[in-house]
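Below: a set of structures, written as structure tokens.
There are two complexes below, and they share chain A, which is joined by chain B in the first and by chain C in the second.
So, the complex of A and B:
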């Protein structure tokens, strides 16, 4: 069964992911892709605490996730792949051609970012990366939880998403 | 954050003893309910994560621990970002106790646990909250006991 959701969310594992998406999709596992978390036992233990019984979590660097992608994508259970920033997802997308859609789930304010949606703030550089991904055929939408409508990248960048 | 420095029904000033950190308006609502029921304001400080990223949530919680002086953090959801943030704060502040899955009976119990340590009060309130979850009625239709 393919990974159902490729999500960029600076909170990584949290309520919207585990409950909001996890329950309706009947998610069996999460692949958390982050070079820093993948090399920190303490960080991994922290995020494991947030995952309910019956849901597995795998911690991978970008390189490892790309190498093992076919295996994850062939799992019998539904999976979610998470990164905390756009750059990590971009790096993964360049190595995994099967990655054809990206969900912007939560990118909150930081210096240099401009608000696009209640839960999406982007810097000019991040906007350009998303445009580049879209030009390569990757569908980029923003959607925090399944009950809300997805916002297209064009609408998001033109301020028509609210 | 809700107002600190409130008083109880007898006019005695109460200092914050715990932070209540939840999604949306959860903390504000449940702290309001505790104050309405107990008449004790200012014991709990409400925090919301609306509009905050992961780093801001940790910073907010760390600042609240310092400014309020509270050493107990209640969070609403074990899988939530507040709980993750609370564990990060706990790493630097091992004197902080975290209780996750907070509900109203747990918080009511905590407010009245004034003569024990923070750790004891937190554990007692967690037991109270856990035990307060009861299913009433039955869809099995066995009422009446007729065979």
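So, the complex of A and C:
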């Protein structure tokens, strides 16, 4: 089964991911792609605490995730791939042509970012990266949980998402 | 990788500072907003400990640490006490700022999901059902409300006290404390206790609402329903949730009461 959701969320593993998306999609595993977390045991230990029994989590660097993508995409269970920032997802998208849709699930306030949705704040640089991805044919939408309606990138950037 | 921020405490917190942090925990969501969620609350709670940083409240380290701790953060409000203790410890241990920020981010997920499962989905329903059982067994309004408030807040306060101590003690190694059996198995035990209490509380509460004068019938019904519910729960463990069984037992009781009244 293919990976069903490519999500950018600065909280990485939390309730919206493991329960909000995990239950309706019947997710069996999460691929957490982050170059720093992939080499940090104490961070992995913390993130594992947020994963319910029966759900596996794999920690990968961008390069490892790209190399092993075919294997993850061929798993018998449904998977979710997570990154905590847009740049990591962009790097992955350049190496993985099967990555055709991106879900913005949570990018919260930090200096230089402007609010686009209740749960999405973007800097001008991040907006440009998302536009570039969309121009390459990647569908970018914002949706925190399945029960809410997805917001297209155009609506998001024009402030019509709220 | 060497993990700092979890060895012998270099700067012991005074009793006054501990009490100050603990009392501030009750206001941790007072400045909740969509930009930072609980971030300012974390900064507010950690602040008394930050005054012990070199240079004091007027020094650059205090300002840098306070600004860092006021950034975006989200967790269960009771288990946020773990984060407050651990983050205070990392700041006083002199852990580099970028590592503290990554630590903060990594804490959000587990403290949210563990707290949700343990408190919102476990302890809160159990205490509600306990109060409902007291009502069903004849308790007056004051006793019902007092039962709920005392039971719920006993768990709530214990969690906040434990969380602050565990966070301060373990620092960046706090995952050790969070992987204890209480958090791993606690939600499952609470779910079973909730199912048992539902089997008792809902029929007796309904019996009281429906009205008196039915002799020992309702009591016998409760005992049978509890026994059936318990056996079913054990037999169907892993395939049925407690609330579904409770609902089934409640439906059976309503049917029984209706037949008894009109039969």
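Simple rule for what comes next: the second predicted complex is superposed on the first by the 162 of 162 C-alpha atoms of A that agree within 3 Å, B and C clash if a C-alpha of one lies under 4 Å from a C-alpha of the other, contacts with A are read in each partner's own complex, and residues count from 1 in each chain.
FYI, contacts are C-beta pairs under 8 Å (C-beta built on N, C-alpha and C of every residue); 3 or more make two chains touch, one makes a residue touch a chain.
Just so you know, these numbers come straight off a predicted model, no measurement behind them.
Colleague: Are chain B and chain C a fit on chain A, or do they clash, once the structures share the same frame?
Modeller: Superposition result for chain B and chain C: clash.
Colleague: Does chain B (first) or chain C (second) touch A:84, or do both, or does neither?
Modeller: both
Colleague: Applying the document's definition of touch, where does A:41 land relative to chain B and chain C: first, second, both, or neither?
Modeller: Touch status of A:41: second partner only.
Colleague: On chain A, which partner touches more residues: chain B or chain C?
Modeller: C
Colleague: In the superposed arrangement, does A:131 touch chain B (first), chain C (second), both or neither?
Modeller: Neither partner.
Colleague: Touching A:107 in the superposition: chain B (first), chain C (second), both, neither?
Modeller: Touch status of A:107: first partner only.
Colleague: Which of the two partners, first being chain B and second being chain C, lies in contact with A:15: first, second, both, or neither?
Modeller: A:15: touches chain B and chain C.
Colleague: Find the residues of chain A that appear in the contact set with chain B and again in the contact set with chain C.
Modeller: 10-15, 18-19, 42, 46-47, 49-50, 52, 84, 108-110, 118-119
Colleague: For chain A, which residues are in contact with chain C within the complex?
Modeller: Touch residues, chain A against chain C: 10-15, 18-19, 36-37, 39-43, 45-47, 49-50, 52, 84, 108-110, 115, 118-119, 121.
Colleague: For chain B, which residues count as touching chain A in their complex?
Modeller: Residue positions touching the partner: 23, 51-57, 77-81, 83-84, 87-88, 91.
Colleague: Using the touch definition up top, name the residues of chain C that touch chain A in the complex.
Modeller: It comes out as residues 1, 3, 34-37, 71-72, 74, 102-103, 105-110, 112-114, 116, 172-175, 178-179, 183.
Colleague: So in the complex, which bits of chain A are touching chain B?
Modeller: Checking each residue of chain A against chain B gives 10-15, 18-19, 42, 46-47, 49-52, 84, 106-110, 118-119.
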